[in-house]
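Heads up, the thing below is written out as structure tokens.
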Amino acid sequence: MDTFLDALSAAFALIFAGDADLLQILSLSLQVSLSAVAIAVLIGMPLGGLIAIRRFPGRQVLIVVFNALMGLPPVVVGLGVYLLLSRSGPFGVFGLLYTPTAMIIAQVILVVPIIVSLTRQTLDALWREYSETLNSLAASPAQSLVAVLWDARFSLITAVLAGLGRAIAEVGAVMIVGGNIDSVTRVMTTAIALEASKGELALALGLGIILLLVSVCLNLFGHGMTRLVTNEATQ
Amino acid sequence: MDTFLDALSAAFALIFAGDADLLQILSLSLQVSLSAVAIAVLIGMPLGGLIAIRRFPGRQVLIVVFNALMGLPPVVVGLGVYLLLSRSGPFGVFGLLYTPTAMIIAQVILVVPIIVSLTRQTLDALWREYSETLNSLAASPAQSLVAVLWDARFSLITAVLAGLGRAIAEVGAVMIVGGNIDSVTRVMTTAIALEASKGELALALGLGIILLLVSVCLNLFGHGMTRLVTNEATQ
Amino acid sequence: SPSSWSEEKPFITLASTTSTQNSGLFRHILPRFTEASGIEVRVVAVGTGAAIKNARNGDADVLLVHHKASEQKFVADGFGRKRHPLMFNDFIIVGPDEDPAGIGGGTNAPQALRAIARAKALFVSRGDASGTHKRELELWTIAGTDPSAASGAWYRETGSGMGAALNIAAGIGAHTLVDRGTWLSFNNRQDLAILVEGDPRLRNEYGVILVSEDKHPHVKTKEGGAFVDWLLSNAGRAAINDFKISGQRLFTAME
Amino acid sequence: MTDRQHQPSGAILPLSLQGVGLFRDGKRVIKDVDCTFEGREDNAPGKTFIVGPNGAGKSLLLRICHGLVRPDEGRVIWLGDAAKDANTVKKRQAMVFQRPVLLRRSAQANIDFALSLRGIPRSERSDRVQALLQQTGLGRLAKTPARALSFGEQQRLALARALAIEPELLYLDEPTASLDPASAHMVEDLVEQAVSKGTRVIMSSHDLAQTARMADDVIFMHRGRIKERAVAADFFNAPKNDLARDFLDGKLLWWRRRSIYGSEGEPCG
Amino acid sequence: MTDRQHQPSGAILPLSLQGVGLFRDGKRVIKDVDCTFEGREDNAPGKTFIVGPNGAGKSLLLRICHGLVRPDEGRVIWLGDAAKDANTVKKRQAMVFQRPVLLRRSAQANIDFALSLRGIPRSERSDRVQALLQQTGLGRLAKTPARALSFGEQQRLALARALAIEPELLYLDEPTASLDPASAHMVEDLVEQAVSKGTRVIMSSHDLAQTARMADDVIFMHRGRIKERAVAADFFNAPKNDLARDFLDGKLLWWRRRSIYGSEGEPCG
């Protein structure tokens, strides 16, 4: 139990000291994960939406595949991206390995299936209600897609948060493609893993607490935005 | 690119050899993750359902907290459970550390927030539609909960699959509380991490491919069940 | 933007092991090199196997690991110019301080392992083909004991890094083989203590290799070479030698 | 219908609304509603009809009575405030919504569900479900998914579900709006039957002929206010309220009122 | 309403259904439907009413005509098979559903959305939206969330949305079922206006008085079949079909038919 108390006090000490290293690691974490989620949303929401509102051969297969890809192991993604970006890999010439860009790429791959699957399932319900009306109004697929994405925007926030949760908590992929290089690619989770392997359990837990607090803040922010807009908007 | 081909052939070789070690590791993976998801569903679905259908002080906070907990880093969970189950920890006497039970506990903690948040958001929509009718029929909270969970059962499958994806892909927590001990607590993801750290990238990727195939099978199975039941059931 | 960061000032990538990273050595010596040369050193610390693999793929400029045979093969295969012996420390056997196998204070590692096997006292093996793991296997061979038969019973092959293996040993009260650097900087010892040390067979030697530009033309031979030269210079040696934790030296530079 | 075996009769009425008001989006949509619905003890009137133009607040008023919407002003009082616990009060009421919401189950499962909520044992339920389906002309559709039914069939299923729990107080929000003439007739019969067995009915309707035919007394609503409440015959023969007169003449387009009659002087908020 | 500026008139009719049938859950719910709806060129009839008991298949038939439901048997033919691309055909129709589905937006945004789908520039839209809201008596509720409107208001909003796109062919599924008498009257006026401007209307109704008042010709449906199609006056004065006669007399409870008249001999499936 002592360790938990130590962890708390470590967390507070770090926060109040405004430790520069910590701030840098934290901001890189946010930068990487938020970018990855933003890109994944841009790719995944239209894709999930299309799967929800269109009927085409192979649709069921696509649903199963994206559901299964939610279980893509980060280490595997990390290795795959490593092999692609490695100097001896096809994209080696860009020198992206061990950069934040590589970490973003890996997280995008991890988050897209989550966004696709959850968007599809969220829009399924709305589409069941809207489809006849939008068809009757002769909305094109693209127009229908925009309409359901827009009208479901508050429900879709949970999908985004689930993706963000996966990205910000993930360590296996960013460790491999980022290399956990001090002040270059070290993020919160790789720092936590490092401290844990040094036996600095209290410090590792303390960093974990800070990461969680940041998550809560991000979620509060998202939630606040929703509240604010929902009140004005039409249910 | 060679490595990818090597990975594929490694995967096929392992599959066709019916490697006993592989089978054992795979079955432990499934055992741990499926148990964890089952327990998490038992805890998380009623909880998420209650948050969806009840209005109580602190509800908004609970929503934000569970959303944030979707971003619980596996390493942190692993450390927390380690400290609790460690010989010097409060539950040390049970000797659970480095057993599959410990791994299940850690994964339950990781999966519950996902199930809670996604269940809540799925039932939100249904509840908006049902609440007046169920209230009018004087259904008790428990009766309402059962009714919405039942009527949303097909939509909830995506929540379960998201939880399963997290559990089966996760390595940070099971590594710490399981210890990746050969033929005791070695699961697919820790085996992959081990091979990766040995530089056996093709083998690691091959194992990853096998894990993904198993995920696809699990999802196909779930999907098939849904199809089967939906056709008979009432939309 | 991320890419502009990587262009900012000259840097090299160093593939190394978790044990050197975890001990804190790099944090101690690298700033001195950077100050002297203006070259930043980015450390990617992974298992010895993975580190060598990274270097083979051309993803590092310099390799710093501790398994002589693998290093020599790396050079022989043409991936490295030359292996330079850099520094050494030693392995120790740690275990619970109540010492169930009665090996405390010993200096004969194989004998101690035999005693552990006889007592069926818990032993945690890295099991990850790392330098430490390979050394442990060599010691079992010398001891004439094959622990793999007891795998899963008292012999636990964890398949994890040094720190993780130590955490496990601390968690269940087991013995393990660990390099002194990691041990001294490890902070979750619980009731583990040093039981066996000082056996010459426990010497742990690190080598440094500049990755060859013949296989990977993009390798930063100039900056990497500067780093290797600095490590082997008096300044580098001094930096290694005066890295201490609670008064104890962790690594000794080779003459 | 079996006789009310699970619930004593006459237990929750009278229901009084005192100074009830409701805001939506900052607008007052229900204003100063005072009214009482008596029980049926002394052969008191059993059918109160609420009429008024679209958007007058009929549906909202029914919801407030039923306890589904809590008023922002005023009080809803059961039994002159001697009400038993809220749960009993709730269990003795039922409602058929204007836009019925059926569970995603078969037609029969929808009724069965309502019965199960009242703790009626499974063995009894199935017979009662079949009887109710027959009464509402849905026998052949028992196993059809409720959501696949035609609108009129859905409305009748919702009525069957409400009747299943044999309420003391039954709210009907335009229950015959989408029914064909014969079905509407049949539903009117079912309502009369329930009333004759002691159920108190509060019902909204746009069908003035139906109202004249069935109502004991009539509440006329306009813009969230009760403008007139009268015995049915009086209301139809000699409405006291100007607006009610126009309404009966089919001339009351209230959103044009200002231009037709000059300012009515009632602010929107 | 502005004149049909964005779409040429008379371009997609006639519409013919040939041997149309539909299965649901293994049951045939629409059977052997053959009928044609002519264009308006030579002052042809503009308002066809579909009547029949609940569950007769009126709503399904409208959906089949509209192309929302693909029939399992038979063909739906536009312009005698000389139809332009399916998209044009689709864009020239509109429908008001029996249970209107409004987007989760304000009332005005619902109409604006329909206009934007027709590519009408933003600058033009706002005036037309306001005009339509005024015409349907929803001016004051422009900014109210559509889902918060009363049922009658929703029905009128759905009509406004359908009129907004100035369709050549307008399907109305009981558009006045939940309207108060004055609003119903007003909606009837709006429909007549649209027809006088060249719109072809196909409408279902349970209101026989309304049907008699408005219809040019009447289709009587029963159990998924068209039993009679006749000019309105003929249908009301001398229905040829026995079932139609009973229906007009308010006696047609079709699910009891067998017991009243003996076997009608029509299998369910």
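Letters A, B, C, D and E name the chains as they come in the text, with residue numbers starting at 1 for each one.
Note that contacts are C-beta pairs under 8 Å (C-beta built on N, C-alpha and C of every residue); 3 or more make two chains touch, one makes a residue touch a chain.
Predicted model only: the values in this text are computed from it and were never measured.
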item: Set of chains adjacent to chain A and to chain B; value: C
item: Top-ranked pair of chains - ranking by C-beta pairs in contact; value: A-B
item: Distance between chain centroids, defined by C-alpha means - chain A, chain C (Å); value: 34
item: Chain A and chain E: spacing of chain centres that average the CA atoms, whole Å; value: 47
item: Separation of chain D from chain E, taking each centre as the mean of its C-alpha atoms, in whole Å; value: 29
item: Distance between chain centroids, defined by C-alpha means - chain C, chain D (Å); value: 81
item: Per-residue multi-chain contacts in chain E, two or more chains; value: 145, 148
item: Overlap residues in chain B, where contacts from two or more other chains coincide; value: 82, 176, 193, 196, 201, 235
item: Residue numbers of chain C (touch at least two other chains); value: 161, 164, 167, 170
item: Pairs of chains found to touch, sorted by chain label; value: A-B, A-C, A-E, B-C, B-D, D-E
item: Partner chain C, residues of chain B touching it in the complex; value: 82, 85-88, 97-98, 175-176, 179-184, 186, 190-191, 193-194, 196-201
item: Chain D-touching residues of chain B, taken from the complex the two chains share; value: 129-130, 132-133, 135-140, 143, 147, 151, 233-235
item: Chain A-facing residues of chain C, complex; value: 2-3, 5-6, 13, 18, 21-22, 26-27, 42-45, 57-59, 161-164, 166-167, 170, 185-189, 216, 218
item: Interface residues, chain C side, partner chain B - complex; value: 46-47, 49-54, 127-130, 151-152, 156-161, 164, 167-168, 170-173, 190
item: Residues of chain D touching chain E in the complex; value: 24-25, 52-55, 58-59, 98-99, 137-141, 144-145, 148-153, 156, 174, 177-186, 206, 208, 247, 250-253, 255-256, 268
